[in-house]
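First, the structure itself, so that you have it in front of you.
All chains are identified by letter, namely A, B, C and D, in their written order; residue positions are counted from 1 within each chain.
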């Protein structure tokens, strides 16, 4: 499902940290998975939840696949805006999609998605708890 | 010089990221040097400057010493407030001091300081440019 | 081209670091892009080169796409073996493929690939220098 | 107690990773706490133990203080040798000391130490288990 069809898109914005840059002078590519995770965290806060609650209730949502496309780099001190939405929401898995945007120009810097499965704390795949699935669906 | 004597203390606040935690369930101790760096970045923005400007003008301010005292851990999703001030400002070096605070309780989590020297882009020690020293002094 | 067809597969092996784990107790998923990068570095050393040489000769090989599939987690102190090969080698781009293996059992933990383009130091796309392309082809 | 007095010094050596560099072109200063941790891990393996065993037996050894002195930077692909020894071994705490060396020249790059306390898994300070203290003392 596209972002337009989905409805809710959650945005969060912050500065690039010096530690996140590498010797090319730009944000190291692995850092964008951390930015995506921040987008996901903000998404959960926006729907009145948070990932810590999920773990506290006995569930985990580990990443099973990730795809990232890198269009343009970003430097220390630049700001990045992360746009996050749910691309797919099933009983045992959920897919988040992301865009990293230069807030001053709207330019797309990086895009990608992460697929997750619902597991218990031992890592066994489970159906998503009703409460969480409705929450994501309603969003 | 103590924070009280100094005057300016700059604060910034953000969420703990999941990637910053470790298998003990709390923020990995090396991450606090990154938090201190964020405090420093915010300090520079607060005095109308930023570290990217310093590098663009041909200077660097590498860390020569760091000390960190860990009082209490922090978990994913918790917020941290970083308080940053200049403890010493000399012609060739500057010392920043930091406190990481639990914003909801005011409890001290971590404290420390980093000492820096002024160098040119080749790493040769130089006297701080007049403009930067005054900026830090006035702050 | 598959690993079998390709011929050269370069392996490197090391311990999981504590800082690489997260609050789930396993290696944080973003770390695998760093492991892939280590695989790439070892691949270049194995063909008698290294990425620092590439940058020193005026070229860069930034990542344009990355895909990662996570099968099973790994804990602090466990060893990981990274198997790296070239899946595609063209005049302006190259694709590396990776498997992260549990060395004690041979079990596949994570797999993925990264696509790269050849650029000059300003980031402009260029044809791969003859010397590098032959090197990769011969491998 | 100095390294000379102590006796056992454990060394481990590895390459600088690209992700560990920053926009100054050298290893980011926070990374050295991760290198120290690798030195500690290798120290424990050298005495026939490992930190995972400590946690599995119900104890933790969190860092309470860290000091780092940065003498000279290191670049991507360079090798670093970490020398680790126990500077102090008491019933409730232990101090590790470290030197990061350029293996090709023997030059000191970074030095430091970390202080740790023994706790149970809930973080309560405890006396070091007899088995562990003897192990460290004998080393």
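Basically, contacts are C-beta pairs under 8 Å (C-beta built on N, C-alpha and C of every residue); 3 or more make two chains touch, one makes a residue touch a chain.
On a predicted model such as this, the values are computed, not experimentally measured, just so you know.
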#### Entry: Same or different contact residues where chain D meets its copy chain A, judged by the half mark
same
### Task
For the pairs B-D and C-D, output the one whose chains share more C-beta pairs in contact.
B-D
### Message
Using Cα averages as centroids, what's the distance between chain B and chain C in whole Å?
### Response
34
#### Entry: Centre distance in Å when chain A and chain D are each reduced to the mean of their C-alpha atoms
34
### Task
Starting from the mean Cα coordinates of chain B and chain D, work out the distance between those two points in Å.
24
#### Entry: Averaged-CA centre spacing for the pair chain D and chain C, given as whole angstrom
28
### Message
If I count partner chains per residue in chain C, which residues reach a count of at least 2?
### Response
18-19, 23, 30, 33-34, 37, 75-76
### Sites on chain D touched by chain A in the complex
18-19, 21-23, 25-26, 28, 30, 75-76
### Query
Within the complex, which stretch of chain C touches chain D?
14-15, 17-19, 33-34, 37-38, 41, 50-52, 75-77
### Query
Where on chain B is chain D touching in the complex?
23-24, 29-31, 33-34, 37, 55, 60, 62-70, 73, 123
